[in-house]
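A short worksheet on the structure shown next.
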């Protein structure tokens, strides 16, 4: 039985990783192709169930930009973007919340549960998980000492505080938390927050073993058009240098910022990996070769 | 200080009720005017926080029909009704879920939390809380032994099983669960379920001390147009009789059915109360006079 | 139903105080008019049961001077007073203990239990709760470095150590401790101790949230004969000044000393309130206006 | 070192008894000579501390008749006896309570604690430990179906219910409960109850391993004047027979009744032993020969 | 990366088995080729560590016949066999114990621990795990009602009682118990017991999910010389029949008897598998095809 | 009953020691005459059971030199000694392990269990309790900075690390650990270690209350031939001095070294006592006079 032999051989190879990550918390930003492609999607849900089953604790934070855009279009709401950020009025944030917390979040939950998992979908408002303040992009020529002079683009938020008690309660009872990237303001208002940012803040608050950000590229690339320029590991000081040199740009900026926040708050290591590869998360966790880009404190 | 005197007097009067309900679970269906009127709404949220604070465990199940209808209209979706039930295709149930689990549910959570509570919003899909099967209204002349011949109105569900582990985990950690009335089918599909029905099923599964259904009438009325015909208490046998006599009808039918299901599964007593009265739930729990209609097993 | 409305309104107003004091320990010196007047007495017992029911932890320390005096008279025992303190020979302390621990203490317990509480009466000898040494009033012209030269007035004690394990065991099991102000010496001998002093020492040892001393005046008065001269708050430095100025005198001296000891050992705040007002303790705890005199560290 | 050798030999001989009684509850009625003679008294207190130290759980119930009589005489209160029971008016029961719960109880506590124990003194009113009803001796010719026609001798009580939660809380925290034989009526009134009766009721409620009643005789004697007529063991049926034959009489009657009540409620065995012998309780527990009279169910 | 792909695919395929056996106890008789061949031996130790790591609880029972025989020879001790059982005098059982509990047991422990496990080696004497009585083979013509007339072959034992407290303590602390097949008699004497028998008794006492017996054949064979005659499953009734037909014989007899004992005491299923195949235990547990012979109650 | 009287008197005298050592861990090196003489042996086992029964936690470490020598002789293995240490090749350490872990260890376990105890025998390999490295006696003229140049005498070990988790698991479940003095090397190989050394290392790792080393002399003697020269107490500085003076020599050297290691790692006090006296351990623990030599830090 040649295949059985490979099967048990592979299980045996997993042992050192099972030992290393037992009881550890992994925060995983789920989005992009891993959410859109059928095979990668199903594999991701299986991975989450497998991790929980062997005593590793995944916390999933998901995004949902395209579906929000589609819904806004459906209800005839046009959107303006400033500095790459959607200007978000009260109606827009309401629709955003419905899509994130009502549609995408519960869809992920149902699929994980179909694989035999026990997922629970929450948003940053539940149990006051994510407290937020208004995000104000800097105006040209703005006095850096006065962030309150930044541009008002509505209900787009920055994380001001994470209250992880709800995540801990769910963890202790064996549930897999699935988090929609919304925050709650001091008056109870809702803020839309970048999902990478939320994942970084949660990984920091939980002092997670790993933060894994799934993207649609093989990792951080020196030349975004050439996969062969993958940077396999980066420390925060190197990031400083590469940023000054203009190598890091575009969608990588918030991911790198999320890694920085997580690492500085006590998360051990971060990974930016290619979500288009089925079981990418499992590969990252259970092999030494590693996939994508490793980001470390120093 | 006359007012202070009344204040402490009232606190003292609450003592016997505090003692009686300490540690007990109350399932409360929240909807109608209590949701729409500002004063009643705020009072309701305060009541939930107060109950949890004094060691009583509320579980809130909410409805949301009008907001669903508005959203469907907004996206240009027309709706057909059969036997008073919305024919619910896949797109409709998707929008229903977004409104219930994404908008209404999180709004209630944020408001309870603003009052100092620790609410967590979930739907019946989270932790497989509510397992559901397709609800098929009976066709005229249908063989009663073949319920599967009933009319297919899409993703409208009946509760087939309640898995209360998630509610218990939240309770044990001091959270107030707020439940959107959705269920999950055996293939992971979503079902919209009547909120009274969900509340009754949850009250039964938790063997709750009380099921409280909030309505827009003073309770069960002999003559729906005459508040003076309030029936202050009803047993299941009396309900049988009144149903045969045609006294119970319209929106009371699902409420009465929810009470019956809850009582038969082990819930102690049920109350149908007037949600238009601010603090109606608190009044029901903390006074002997009682408000609305009490429904008991026998 | 106008009264019901006020009732639920009042319950709602209590919410912030319920949240603030949940799980906190309050040490209450009970005595004077609150013990002698029927209405205030009954109200006090209800208050203790209510506090425990909502998760606040009262510890009651009671006095009993008049009843001791009556009993000594009854058995034909004459008493000499030195510096306002009863000279207490072995027989006197025996009768004192019988009255405090056997009559008054058990009477309070039975009344709290009649209100539905679960009180347990103990003295400072039980579980070695209050360890004591002989109190020796200073002789005129005595060398301050030699307190052992003070006057021997028998079995009147100072607290030398509090062992709170018994209070904690009772608290953890949901009981309300009621403490008779007696201490035990190193040879097992009994000491009568001022009840304010015991309350202060216990509040300090438990690092209580509040020490509440019930008196027969509205609080600390600048002019003991004029209630309008109530001092609503006092810090320890202000007390120093007022003492030097001779404003504080008589029965207030031991109360102020008890506050000082409690605050210096870690009790948060102290209150000297008017026990003649029914539900005075509840009013102090559940209103912001406050009653009587607040004593704070600084 | 001959004595050391005997010392360790004796410790070794204790082993089987330590194993047999570990974690078991023993209820011990303490009174008579064991209370009055210095050597027996001190030995008793050491025994209680030793038992608790090795993981056996003693509950002490004490009497106090002579001291009550002395105190009543002291305050000039004359007493009438009916059927050997003191007619107990409100003042008498008040003095009784002071003596039992205030003087004797706290004296025992202090002495046990001096031996290094952690005793706590309570009465049957604390934590509603002993609920009582009026005891009415039967009138000559009274209809047995109407016990309420019995003689009213005031506040002398029968145990109607034992609530052992307080004893369990003290046990779990490592304290030795010392119980004064008083009960509380439905209106909060105090009842004096025979200490043997209380011990029997408590032993039954706790399903104790042993009830030990200390007396001033070697045990149950066929001829009260001849120690050689000691009956070493008795079953309930044998007691029936001896009672009919008139062999059992006087002070043995309530002791035998206490044994019966304890055994019928689930206490394993009862012992009536000679409290004049120092360490009598320890001897009974740690030797096979046994001392006094063993009383068993059958 | 083709191999990585197979790797994660195989991990995913393990999920249903991980879910099914989580928290379950498996008793595994380890011996024969799995002990003697280097590859199979190493694979076995890895398997035990892997099982424990993923929350499955293995209990290993080992044999050791050849090594005992070698040691007896070494010390010049000749051995007689009766009915296939070694006649075991006091010296022989002493050497047997040294080899089993001192050499083989500790060797297995050290190897499991080298793989990162936390094994603890015990024998049936530790914590009185296996209580035993003398095994007496039946004499020809012996009265079946008098087993005590059987042949005395010395210190060969039958299991009379299993005390699983030690196994549970080790399990709860995350250790893997490794058990040498020895029992202790009522006088403290040692008995050598067949390892299959011990495994069956332990599996029954623990109500294990599986008993796995490793042999040097593919399972139960109809013709011991022809692997193609493997019987893939057997119920107890079928075993009765095959035994009567003489199909089951030789070394299979004690294995079948061990299965019967385990199943009748509450073990779910038994497997007789080919220990020569590396990772045989893992293959049995993690594949549906199954390997060897399954033995079930009915 | 004069003897009973002495019996209870002795129990009472034990009380202060029971109080002082309750819950404390005592590590006891068991060997020499206490192992060989029937009376002392039986007394020792009773003592261990008694200690555990009264809540004191013994950990037994045993030796076994003579039995190892006998077994080696039996199998025709000659032994060379260098610096008083047995040169230990692979075969020798294998036989040593069999004798220590398989014969002596399990014999002690069975005897303790016969006295009603719950002993569990382990070696330093179980749960990786004792990690070891090769012990290399210093060569004459060897560079002290190069311990690796010492003489290779095979599998004789030094303790490099103690992992007390297994001892704690056994303690928490009420078992008495009995430890064979073997260690495990980084490649899984076995090392024979001096039992005094193991006891000292374990006492240090557990921060034991006492380390008790049983010898065949009255303690440390100034003149080994004259018991009258017993040194009743020694501090580490005094040991330094006596060592320099050449007073300490022979078998006392490793015992003194074990005491030093234990004390420096946090063990409170050490005792070197005369194991030939029955119940020597109990006498040491339960009398103030003390027996043998007390070794303290300073």
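Residue numbering begins at 1 within each chain, and the chains themselves are lettered A, B, C, D, E and F in the order written.
What we mean here is this: contacts are C-beta pairs under 8 Å (C-beta built on N, C-alpha and C of every residue); 3 or more make two chains touch, one makes a residue touch a chain.
All values derive from a computational prediction rather than experimental measurement.
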item: Chain centre separation in whole Å, for chain C relative to chain A (CA means); value: 57
item: Separation of chain B from chain C, taking each centre as the mean of its C-alpha atoms, in whole Å; value: 48
item: Length of the line joining the C-alpha centres of chain E and chain F, rounded to whole Å; value: 35
item: Shared interface positions of chain B, touching two or more other chains; value: none
item: Topology of the chain contact graph, where touching chains are joined (line, ring, star, complete, other); value: ring
item: Ring order of chains, beginning at chain C and proceeding to chain D; value: C, D, F, E, A, B
item: Residues of chain B defined as touching chain C within the complex; value: 1, 4-16, 18-19, 22, 43, 46-47, 49-50, 53-55, 115-116, 278-279, 282-283, 286-287, 289
item: Chain F residues within the chain E interface of the complex; value: 74-75, 94, 97-103, 105-106, 109-111, 113-114, 118-123, 125-128, 165-166, 169-170, 172-173, 175, 182, 184, 187-188, 190
